[in-house]
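Same chain, two partners: subunit A is paired with subunit B first, then with subunit C.
For the complex of A and B:
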């Protein structure tokens, strides 16, 4: 069997857990505790995890964070299981799911237990925004329930090996995965924070009750009646239309980042990266650190999208950045074998005769993120389409409250930015919730005012993040305006 | 084409932005060059410099070095998340010393011969590591390079044994 596990890395030590054996089809797979099922299968060479319902086209790993449904499989008889966020367990039976699941014929039919809990604050999502919110609320004595779909806390931080920019007050200078470790540990120290990992908030019901499906080993239907809710479910990577984009090996750049940095699994041998935002630039650098060759990074615009310093890092190691270029085609049978890039003119029309072929097994897409706002839409929050924020996002007050009273939004779900602003928004939301709960006095109010001022009038004033600021301005309103929105008046 | 189109900055652009220390200062001893020309929200270098040699009022301003205060100690080099800080020492005859960040395998060791790369990743000669130390797994590597290459060399590549 091939072995894609990384054993030596310049930044990371992969301290693998206990050995675990499970079954895939009828084969025994050796894995390590702490790996997701998909990561363990990928490590030994599997690339196709599902087939499309109509055409039977192969489906590979794409997002690796439970957002794209490309990896739906049957685990111990339970269909539609996202194996990218399901941890390996001894003796489980995993099978690929060809097309749509036949729910009625699923082997496991028993109804899981429903448990009801009450709390001051429910936090949905344990990324930087959610963790910070939970911590701030807990420090002030609130009773907190934190649910996180992934089996590991930390959100996107767990895969980020670079040192953070931004303010020292918000972990500037510290590597992302370390920040995740620090915060997750802190959260667990509070006896008034109850954490459910593997817990997916599936719906908001009348009276502030949220349904949470706890999946995995001990499935549970958790009904949380919360006085206040902060939802920070993050974002998903956008897809791109081109011929062959369904082939395994075409992956979200963040998906590759998860494989190599969280699980220590090399996503492939040679890559092209599409899109020159910070995520694309950073991941190109991290691919080099993981021993993957980066043949080119293509950007359709005439300028590099991300920060110059990130571009300079890969450029000085010889990575070509092709501006005014994009991908036209991925070629291969059941996995990427070649990628064809092409030049585009200033009106984004392909220039004939400029096609360049690259022998690669990875095409990594990093053309932007899209806020995950299903939860807010289902809850009935008033939303607005804001391209600068990445798409549809809930309208909110300066204190992060949506039009659904006592439901707050923070982090990427409120509009795409980065982890530092996710921390700050999470903190602002928590302080607002504390005020509502009557757990915060003057000091909380003052702290909140200061943070809002720093966020809007200093941090977001940096020219490179102005566009995001403008996007967020379009959906941020005063309490009075929000009252009108709640009465049905549209801004 | 500006650095935002090419992904690398040229000495002319650095000069124009006032990011290069005066020649007399360079010849006196080690000093830092911040190749951080874009206004990004970051101020790590300001906080880590033990000599308070880096100035910035608002978090997004570009860092300005006080070349009289900077002693070229290199403390800031491995801590800059943008890997944009380089210490250059032109005080020795024949060779220039450059201290740059490095985050790859194999691990750097004193005495190793390494490939010298310019800002576009092109090999421009060979150098020797004279010092290497780590901060949180980022190495600050001091290499000796041909003196006329001090404004070119910005990365090293250590061939696998």
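For the complex of A and C:
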């Protein structure tokens, strides 16, 4: 069996857990504790994880964070399981899902227990915003339920290998994955924080009750009645329409980052990266660190989107950056074998005769993120389409409360930014919730005021985050304006 | 470019050709496209396709996002097995 695990890396030291054996079809797969099923299968060379129901198209790893449908598999008889966020466990049986799930295979008389819980604060999402919110609320004595779809807490911090900028209050100087470790450990030290990993908030219902399907060895249908809710479900990568965009090997750039930085699995041998924002540039560099050859990085605009330092770094290492170029075609039968890039004119039309073919097994799409705001939309929050924020986002007060009373938003779901602002928004949301709960006095109110002032008038004034600030300004309103919105007056 | 080889909605396997044909037939907002093609109704609940479809629709119709009727989001937001709902209410 091939071995795509990374054993030597310039900055990461993959200390793998205990050996775990599980079955894939009829084969025994050797994995390590702490790996997702998908990462373990990918490490030994599997690339196709299911076939689509209608057209029978092969589907591979795509988002890697439980946001798409590409890796749906059957785990111990349970179909439609996202194996990218399902941990390996000793002796489990995993099968690829060919088309739709077969209802006849459902096991009879199996019932999951429904448990009702009441709490001061429900936090949906255990990334930077959610973890920070849970910690701040817990420090002030609130009873907190934290649910996270992934089996590991930390959100996308777990794959961020760079050192954070800025103030020590928000982990300046510390690498992202370390921050995730610190915060997850801290959250577990509070007896008033009840953490459910592999917990899926599937809906917001009458009376503010949130349904959470907890997967794993002790499945639960949790009905959480919380006095306040902070939802921080994060973001998903934007997709791109080109021929062959369904082929395994076409992946969100962040998906490749998850494989190589979180699990130490090399996503492929040769790659092209589409999009030259900072994420694309940084991922190109990290691919090189992981031992992947980067054949080209394409940018449809005339200029590189990200910072000069990042672009210079990968250019020095021999990566071709092609501006006014994008992908038109991925070619392959069951996985990417070639990618065709083409030059585009100023009106974004491909110029005939400029095709360039690359022999690659990876096409990484890095054209931006979009907020994951399904939870808010379903809860009935008033939303607005804001391109600078990445798409559809809920309107909120300066204190992060949406038009659904006692439902707060924080982090990328409130509009795409980065982890530092996610911490700050999470903290502001938690302080607002504490005030509502009557658990915060004057000191909480003052702290919140100072933070809002720092966020808007200091941190977000930096030129590089100006666009995000402008986007968020369009959807941030005063308490009075929010009251009007709740009465049906749209801004 | 072959629009039949471009997948717009990964979950429900809707191609660019399907979307363009539907627009041609007069399904020119998201809610009708969703009902006609099932875009956004699969396991990812529109996370990946809706922004792409919006872009195509805006180009084809010249309408702005507010006029394109974003579809209603309904629970469950994630795939949940029926056995989670069979336990009933203990009270």
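One rule holds for everything that comes next: the second predicted complex is superposed on the first by the 483 of 491 C-alpha atoms of A that agree within 3 Å, B and C clash if a C-alpha of one lies under 4 Å from a C-alpha of the other, contacts with A are read in each partner's own complex, and residues count from 1 in each chain.
The definition used in the following text is that a residue touches a chain if its C-beta (ideal position, glycine included) is under 8 Å from a C-beta of that chain, and two chains touch if they have at least 3 such contacts.
Because the structure is a prediction, the values reported are computed rather than measured.
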Clash or fit (per the criteria above) of subunit B with subunit C on subunit A: fit
Which of subunit B and subunit C A:465 touches, first, second, both or neither: first
Which of subunit B and subunit C A:302 touches, first, second, both or neither: first
Partner chain in contact with A:391 - subunit B first, subunit C second, else both or neither: second
Inter-chain angle, subunit B to subunit C through the CA centre of subunit A, in degrees rounded to a multiple of 10: 130
Subunit B versus subunit C as contact partner of A:321, first or second or both or neither: first
Contacts of A:267 with subunit B and subunit C, given as first, second, both or neither: neither
Subunit B or subunit C, by number of subunit A residues touched: C
Which of subunit B and subunit C A:78 touches, first, second, both or neither: second
Where subunit B and subunit C come nearest after superposition, their Cα distance in Å: 26
Where subunit A meets both subunit C and subunit B, residue numbers: none
Residues on subunit A engaged by subunit B in the complex (per definition of touch): 8-11, 162-168, 172-173, 175, 288-289, 302-304, 307-319, 321, 323, 420, 458-459, 461-465
Parts of subunit B lying in touch with subunit A, wherever the complex brings them together: 3-9, 35-44, 47-48, 58-60, 79, 81-84, 103-105, 107, 117-122, 136-138, 154-155, 157
Touch list for subunit A against partner subunit C, complex: 52-55, 57, 59, 62-63, 67-70, 72, 78, 80, 106, 110-114, 116, 149, 200-205, 211, 213, 219, 221, 236, 238-246, 328, 350, 370, 372, 374-375, 377-378, 383, 385, 391-392
Subunit C residues touching subunit A - in the complex, by the definition given at the top: 1-2, 5-8, 10-11, 13, 16, 42-49, 51-52, 56, 65-66, 70, 72-91
